[in-house]
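In the part that follows, the structures are each spelled out as structure tokens.
Heads up, the next two complexes both have chain A, just with different partners, chain B and then chain C.
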Partner chain A sequence: MARPLRIVIAKAGLDGHDRGAKVIARALRDAGMEVIYTGLFQAPEQIVQTAIQEDADGIGLSILSGAHMTLFPLIVERLKAQGAQDIVFFGGGTIPPEDAEELKRLGVREIFTPGAPLADIIKFVERECGSRRELVG
Partner chain B sequence: MIERPAARGAQPASEFAEQKKTWEKASAKGRRRTGPGSGAVDRTISDLPLKTIYGPEDAPLDLANDLSWPSHYPYTRGIHPNMYRDRLWTMRQFAGFGNAKQTNERYHFLLSQGQHGLSVAFDMPTLMGFDSDAPQARGEVGKCGVAIDSLADMDTLFDGIDMADITTSMTINGPACIALALYVAAAEKKGVPRAKLGGTVQADILKEYIAQKEWIFPPRPHMRLIVDMIRFCRDEMPRWNTISISGYHIREAGSTAAQELAFTLADGFAYVEACVAAGMDVDSFAPRLSFFFNSHIDFFEEICKFRAARRIWACHMRDRYGAKDPRSLQMRFHTQTAGCSATAQQPENNIVRVAYEALAAVLGGTQSLHTNSMDEVLALPSEKAAEIALRTQQVLAYETNVANVVDPLGGSYFIEALTDELERQAEDYFKRIEEYGGVIEAIEAGFFQREIADASYRYQRSLETKDRIVVGVNAFENAEERQDIELLRIGVEMESEQARSVAEVRRNRDQAVAQAALERLKKACADPSDNVMPHLIDCVNAYLTEGEIVEAMAGVYGRYTEKVAF
Partner chain C sequence: MTIGLTGPPGVGKSTLGNALVRKARSHGKSVGVVSVDPSSPFSHGALLGDRIRLTEHFTDREVFIRSMASRGHLGGLAGATADAVLLMDAFGMDVILIETVGVGQSEIEIAELAQTTVVALQPGSGDSIQVLKAGILEIADIFVVNKKDHPMANQLKHEIRSMMEMLDFSGWVPELIMTQATSGDGVDELWAGIERHVAYLRESGELDEKRREAFAHQVRQLALGQLERKLDRQLGSELAAGVDPYAAAERVLHAFGVSSEIVDEPARVPHVRASVKGLT
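Right, the complex of A and B next:
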């Protein structure tokens, strides 16, 4: 049997809205994954470091403060700099559709906005992070 | 006069009981509807049980003690004798974005459209005590509020606005005492003495640890700062509402209505106890405490929450804290419609949600109201969306006639039963908090955070199973939907401009004066017998920036970190 997926759920910058991040963390855990929740106010560098140290298959970033166009790209760059692009990077929050498109173009795998069903998010993580797990073993 | 058939009104009481039995039989035969949303017909959004119908046995009222009359203890029906007949609620729309100049323009627009009071939304760096050029501020400057770094920004924010005439609410907590110092300094520069200023700073730090997470220092020093502020305002700013004890963010974090009610009032009692412990007479400060609640989408539950809140506050203030001044017993509160009930899907539907939520707030007797804009799930409100939100309140106030009778739902069996039930649940929570040793101890034990996280997860599951329906989200979706409402954008250039301007403020001030003020502040922070407020006013007048002041205070108090759990 494959090992459980390991997912880092992260809050970056100064945004204290943690309701969504906590709900997603619980839902992924209930779906059988190992979830590491970073807590609030993490620098992008710290989040990537945590994911590498924990050998995570994915990072889910939650931002509701409007800083998404700065903080998502910083994590994408950091993952590249660390040679860790195999870690599936996704996220969610109050992110307008055009920004979500732009972030996906930059390398964020998926953006979930308010109202996204938990079942869809779980399915996405199982599929995408599952492929990463197969790749790295 | 209407002539009624004689038989009516002459039926004996036993007949009423018989009728109930017949109804019960008929009701039992009813076939419950199935399909979307049918899993939750017998529960409120907070999971309180709902009966099909309520009767006199559900609401055994003691008229004098439970209801009384408006402006009479326990104020269940309202705090003023004629409520909105004498004075409508204050329409106070929360606004702030970009830099002080942009926000000042929005304020002038809102005031010209008939808004009564101002409500400042600060950006994240300002709320967390960082200047716009701090590394922590990357990407956040001016995004979800206005960037205020120093007195220079505060001056611009109120340019052309008569600070003696307008009242201002500032939503800020960690650095609340600094925001108040900035407001006083800006007003006095314009020649308006502090004693004439009206408004409030939120300054409710306990709910930050519980829900909103915008803290700076650990709880105990933060409580001291709040007590200092309350004392300062009592002595020098008689028109100022010292703090705004807030359930709004507790609810947004996912709590139930009963939790919002209980945790907010428990916080209120904790502030009262802290001030009394610092030697203040309860009636010398309690009349200036105010509250701030959420108005969520479960219509009747919200109305009952507001009514229960007034009754609980009055009762505890009189009997537990010995307050004698009626104003100490009268809970005054601001209400905002629930951001978390708005949806990104079919955002125009949010206009309808906001209207129902606003109606609940008014039927619940609020003193002021913010109606959310339809686009707030996506971005900061555009001018058009902000205008519709304000018009929603004006339609309610001037067209629907709901404001003309005080507490129009009072005496309804259902409303009274649900008000009682919420009060009971709040009292249960007070006991549990007491068992931890108090609010701060319960925060440290993670009690509130756990209760809220559990409730929000339960709610999310009920959406997954479609026991509960949110229109456009888990039912009645529109696959063709294309979002075409115009959103407000804050350009990235704003961040570097603001960073440049705060650096210039630091460069151009008298450094010796600034340094001396900062040293005096640090001494006051370490000396509990001093009051930090006058020193903070000196600091901002010396053009020290918010980030510098916070840094100096953190040198004395340390910074808070939360134990992580989900």
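Right, the complex of A and C next:
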């Protein structure tokens, strides 16, 4: 049997709303994954360091503060700088469709917006992070 | 220096751990943290949340934190915790802090792995005495009563003292330290207590003994794990209907070339002929 997927669920910047992050964390846990929750108010560097130290297969970032166009790209950049692009980076929150498109162009694998079914999110994580797991063992 | 931190859920292990990491860093020591949380026995998933208390150290390059899920391993640690500790040691971490899952009464594996075992308890929960009754008392090198600002903190202190009086200690006598991890109150005393214990281990020669114990423990774990898998495979082919469990165990062991002295230990009950059909 393959080892469980390891996923970091993170909240970045000045954003205290973590209900969504906790729901996702719980859903991924119930799907058999090991979820590492960082807690609130994390800087991009803290999130990237966490993912590296935890050997995470993916990072899910939740942003409801409107600062997504700043924080998502910063994490993409830091992951690259650390040679950790193999870690699947995805996210969710109140993000307008045109911003989501731009973020995906910049290297965020997927953006989930309010109303996204949990089953879709789980399926995405299993597929994308699953191939990362196959790659690194 | 390998410190084990254990105690019931919610007692403040992670917060104490954070305070200890801060203390070690103030002495310029590098720190490895291995923190274990339970896996769900149903989904096999886990929510690893011990990092939340450690965020101030995330970008400190001299602090490496690894969360582990227990993945069905009993005893308060994960199957690979000993490996993680060994690796951190090999990478030159000065201090390695192992935080167990929130333990109940018998999760004492930490004492095999850590040099200094800190057992944290909190006042006002009747549970703490339950914990003291059942094995946790014997593994503590240092007791911590956390949340010392609680009105019942002194009562717990006295309860632990009187429990300790009933035990016969040879060599090290466990210290009892009051802390309030959120404010850092008492953490200097705890650190000093840990250093005293480490010094005692060195001077008494017990440190080498502990290392041998930890090594033996790991070998036993690895060997037992292998054996268990082999045994499971054997079970299916060896068991026939109408055999009592003792006879079945004998047959399985026989297949491994082991004589039956082990299964003779509990007295055989000849008239029991329980069918084990369900197991085949």
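Convention: the second predicted complex is superposed on the first by the 137 of 137 C-alpha atoms of A that agree within 3 Å, B and C clash if a C-alpha of one lies under 4 Å from a C-alpha of the other, contacts with A are read in each partner's own complex, and residues count from 1 in each chain.
Going forward, contacts are C-beta pairs under 8 Å (C-beta built on N, C-alpha and C of every residue); 3 or more make two chains touch, one makes a residue touch a chain.
As the structure is a prediction and not an experimental result, all values here were calculated from the model.
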| item | value |
| --- | --- |
| Partners on chain A (chain B, chain C) - clash or fit | fit |
| Contacts of A:Tyr37 with chain B and chain C, given as first, second, both or neither | both |
| Touching partner for A:Pro96 - first (chain B), second (chain C), both, neither | first |
| Partner chain in contact with A:Glu54 - chain B first, chain C second, else both or neither | second |
| Partner chain(s) touched by A:Ser65 [first = chain B, second = chain C, both, neither] | first |
| Which superposed partner A:Gln46 touches (first chain B, second chain C, both, neither) | second |
| Chain B versus chain C as contact partner of A:Gly13, first or second or both or neither | first |
| Chain C versus chain B, contacts on chain A by residue | B |
| Which of chain B and chain C A:Ala25 touches, first, second, both or neither | both |
| After fitting on chain A: smallest Cα gap, chain B-chain C, Å | 5 |
| On chain A, positions contacted by chain B and by chain C | 25-26, 35, 37-39, 41 |
| List of chain B residues in touch with chain A within their complex | 124-125, 127-128, 130, 136-140, 143-144, 208, 212-214, 252-254, 340, 343-345, 377-380, 453, 456-457, 460, 463-464, 470, 472-474, 483, 487, 490, 492, 562, 564, 566 |
| Complex contact set, residues of chain C against chain A | 39-40, 43-49, 51-52, 55, 58-59, 64-67, 69, 71 |
| Residue ranges of chain A in contact with chain C within the complex | 4, 25-26, 28-39, 41-43, 45-46, 49-50, 53-54 |
| Chain B-touching residues of chain A, taken from the complex the two chains share | 9, 13-19, 21-23, 25-27, 35, 37-41, 65-71, 74, 94, 96-97, 113-115, 117-119 |
